[in-house]
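Next up, some structures in structure tokens.
First subunit A sits with subunit B, and in the next complex the same chain sits with subunit C.
Showing the complex of A and B:
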């Protein structure tokens, strides 16, 4: 190994260590985890994973999370695409201020909104539903999506729109069949960030749900059960939680690089 | 195909224009004859693109009407007007192949597939892109993209007018020349009305039969390239067209005769009776010669531009350019300059004021 490789290799090891530890723990029994330090699982077990895939309180956590994350991503994109188009193509009174105000929505910690959302959703009967969490996450995701998409749309010359009109397109047809495919990289990046935020957000998701829509992250916070500490089980759940994010990143990795190059994201 | 009439057209980007200067276009009255090759020439920001977008329907004029063959189309959408427009930057649909891009304007109007194929092949051959028809449009080089963009404008054979908005800006110089002659050739074959917007005089003069010169939202002169060069109607045209542009020399108007730096200058003809205001003499550098008698001048700069030399000289406090072939004076030398009388004109407040 050459000298210049040492630093990056050390850095990667440093980054991978917690993930390795998590994965290694998920194959150990809880007894082994508590008994002391071991680099590899001494007795390999798949029991942890078996429990998660068979116990409804565990696997419904994943289903709930995926449901509200998907709903949130769809709502965010459907709302943000036209909004970003308006910001990128038209000048209207206060457009710059409105655009900035959208961003400031992301500056408040989620905890600020936990109480008003909880009270509001309880009052209108949305408490403990998937749509409640999806809508709450929209507060953060729509501004972000608008901001990312606006950057991509800015880079598309207005002449594309004009050519389409001259070619006889109506606006909705142009927008759906020409414009959105043209910025599909941006749509991918924006959808990815919506997905990621909604997937990792815990506080609002936990506050707004009880049983029926309880997300996996909330399930994982119950560290102790009647059988005492179940660290192996938690490690397996953590490992499985990383996987959807990794899959999504794999699909949008090239687009994200382009998004960075364009100065947004 | 149609004759396009612009009648009393005014446009302002302000919601409530008051002053004359609020208007980007100030009262345009113009006919574009069917099948003509027109160039719209003027400096950046003079309203060329505004005018084009009004013809295509992307903008609605503040005042005035647009007629196609006498039919009022002012309120029609761009799609309904049946026109084609090519923009400064290549506009192609990245997600389609080259073939689909070219076929698109036809397909969108429900043209018979066999006819589409024939037109696309023909245009592709003319633009020399037939070997890349199956490629994705997004991977093309900028000049091929622009060719494709132009092809999309030319592919329909029933359009009322094809408009080009500075289409060669992004093209390399050697390809510019090629595409321009291609366009000219195309015009002679298909006989569409074509309007070519540019701020480059060479492009305008080589492409068009008729050049419309604009300045600050007004049409200054319409004429053949020869007209514009030989007898500019306005000092702006004289200065804008030609390299270097026409010399515009402030002068005094006394008893309907022009005096430059105190000495009388013979003009091409009598000065119009109503001529008044700021008087200037216009003479192209091509018609200024060094002779034994004439205005006293001091040479300040000589530039060799290949075929001839451009001599800059000071007459009193006014700078003057002359195109000299053969022997040239040196810098600092005193010479005498004379003007060819039939090319010496008087302008009052910018407008031509001599008659022939």
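Showing the complex of A and C:
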């Protein structure tokens, strides 16, 4: 190992410390947590996890989150693919303004929209449904997906399209059987980012739900404030929210940076 | 080369419709509130631009805006150089690359309120790892629920923990796109490490760094959940950033008019600064 590698090693250690602490806490009993400091759990317990997996308000939180995140990812990708294609291949009236306008929605503070979103989704009768959260998250996920996909599509030469037309492909057939598979890395990365930002967002998800579609993160805030100091339970719930991210990240590890750079590296 | 084709509009219509539904209707609601006064029961009175004037003159807004710029400024000053330094010292090949990438990206995939809760548990005096270590081992008097400086240090360290990896990943992507031949040429010329960084690595990272700074600006300027869960804006108002204050006014006091006016001013500031970054970024791409 070279000397300079000490920097990333120290950095990763720093990143892992709070995560370690969260996981360690989740295996401790409430008594042990409140009695003082211990680096490792003295009496290992699975009670915190048992509570989560047997109490419907807890495990439904996870199911709700996964449901609206999946719906959002599907909607975002289906509409973003053709739009990104249009931006990467054609000039049309107002294209640059439209692109920048899409981008501005990524910049709007979610706090600004909390109350109007509540009123809007109540008015159309979608309050407290998974589809409401999925649609609301489109606000920032669609622009992001369009941005990333457009970056990936730009690097595909236009000759590919032209050759396909010469060979007698119709547009839909070309798009689905040739073009999308060609940029499958980009599709994967864009889907990953939609998943990620929908998964980590709480303010809108919490505002738009009450009981039926309540996300896990909101269940946690309620526990933190109402049920006294159930730190072990909170830690267990937190640990479980890290797992989906840890799984999906493995599949896109080599493309993450390109995704954050909106496909422009 | 792109071709002119107005039919391309049909491809963007679904996107336009969905984003407009989510963006324009709530935005119009906010604009509507911002020029009216309400006393409940759906009674509204025309107020003109009074709320805007009140907000722009209020000390409370100035203080929150000041804290917000301080926070965002510190975040950029810490995360950007640190991220570049880490990216420069990362391995370029082998299994360790994957390990680094996955480990570094992990904090970004944790729900924001869990990040706040996690740092709360981590920094609790007597119970948390950091709280115990600072107070009982190093003997520093650390309690972020009472000491504003400690609260500030904690939210800054938390954000560095959460988002420095974004700068690392982007810089790293820029670095690996540099061909080996560049380094060999630099070696032959006897270039120092500093000049390699200044004339080879930094120019290659320029585009990705602009994106990193843009994203870090937008997200740290709009930050709400993590500091809210960690400090609740306290002690006192010391960590009440702009969006925390906004939610207090809108949902806590239910002062819809002032909150709406403040939202629009807030959004305008974000938009203006981001537009500057965006223009700079596109200028880079042209050159």
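The rule is short, and it goes like this: the second predicted complex is superposed on the first by the 242 of 265 C-alpha atoms of A that agree within 3 Å, B and C clash if a C-alpha of one lies under 4 Å from a C-alpha of the other, contacts with A are read in each partner's own complex, and residues count from 1 in each chain.
We take it that a contact is a pair of C-beta atoms (placed from the backbone, for glycine too) under 8 Å apart; a residue touches a chain by one contact, two chains touch by 3 or more.
Note that the structure is a prediction, hence the values are computed from the model and not measured.
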After the alignment on subunit A, I want to confirm one thing: do subunit B and subunit C clash, or do they fit together?
fit
Would you sort A:61 into first (subunit B), second (subunit C), both or neither based on which partner it touches?
neither
With both complexes superposed on chain A, which partner does A:178 reach: first (subunit B), second (subunit C), both or neither?
first
Put simply, what angle do subunit B and subunit C open at subunit A, by C-alpha centres, to the nearest 10°?
90
Does subunit C touch more residues of subunit A than subunit B does, or is it the other way round?
C
Look at A:256 in the shared chain and tell me whether it touches subunit B only, subunit C only, both, or neither; answer first, second, both or neither.
second
In the overlay, answer first, second, both or neither for which of subunit B and subunit C A:186 touches.
neither
Between subunit B (first) and subunit C (second), which, if any, makes contact with A:151: first, second, both or neither?
neither
By the touch definition at the top of the document, which applies to A:80: first (subunit B), second (subunit C), both, or neither?
second
After lining up the shared chain so the two structures overlap, which partner does A:166 touch, if you call subunit B first and subunit C second: first, second, both or neither?
first
If you've got the overlay open, could you tell me the nearest Cα approach between subunit B and subunit C in whole angstrom?
9
For the complex, which residues does subunit A have touching subunit C?
4-8, 11-12, 14-22, 25, 33-34, 36-37, 39, 75, 78-80, 82-83, 85-87, 89-93, 95, 98, 100, 102-117, 119-120, 135-136, 138-139, 142-143, 146, 158, 196, 199-203, 216-217, 220-221, 224, 231, 234-235, 238, 241-242, 244-246, 248-250, 253-254, 256-258, 260-262, 264-265
Quick check: in the complex, which residue numbers of subunit A touch subunit B?
157, 159-160, 162-163, 165-170, 178, 181-182
What residues on subunit C touch subunit A, complex-wise?
1-9, 11-12, 14-16, 18-19, 21-23, 25-27, 29-30, 85-86, 88-91, 98, 100-114, 117-119, 121-122, 126-130, 132, 136, 161, 164-166, 168-170, 172-174, 177, 207-208, 211-212, 215, 218, 221-222, 224-225, 229, 242-243, 246-247, 250-251, 256, 259, 263, 266-267, 270-271, 274-275, 278
Within the complex, which stretch of subunit B touches subunit A?
53, 56-58, 77-80, 83-85, 87-89, 91, 93-95, 104-105, 108-109, 152
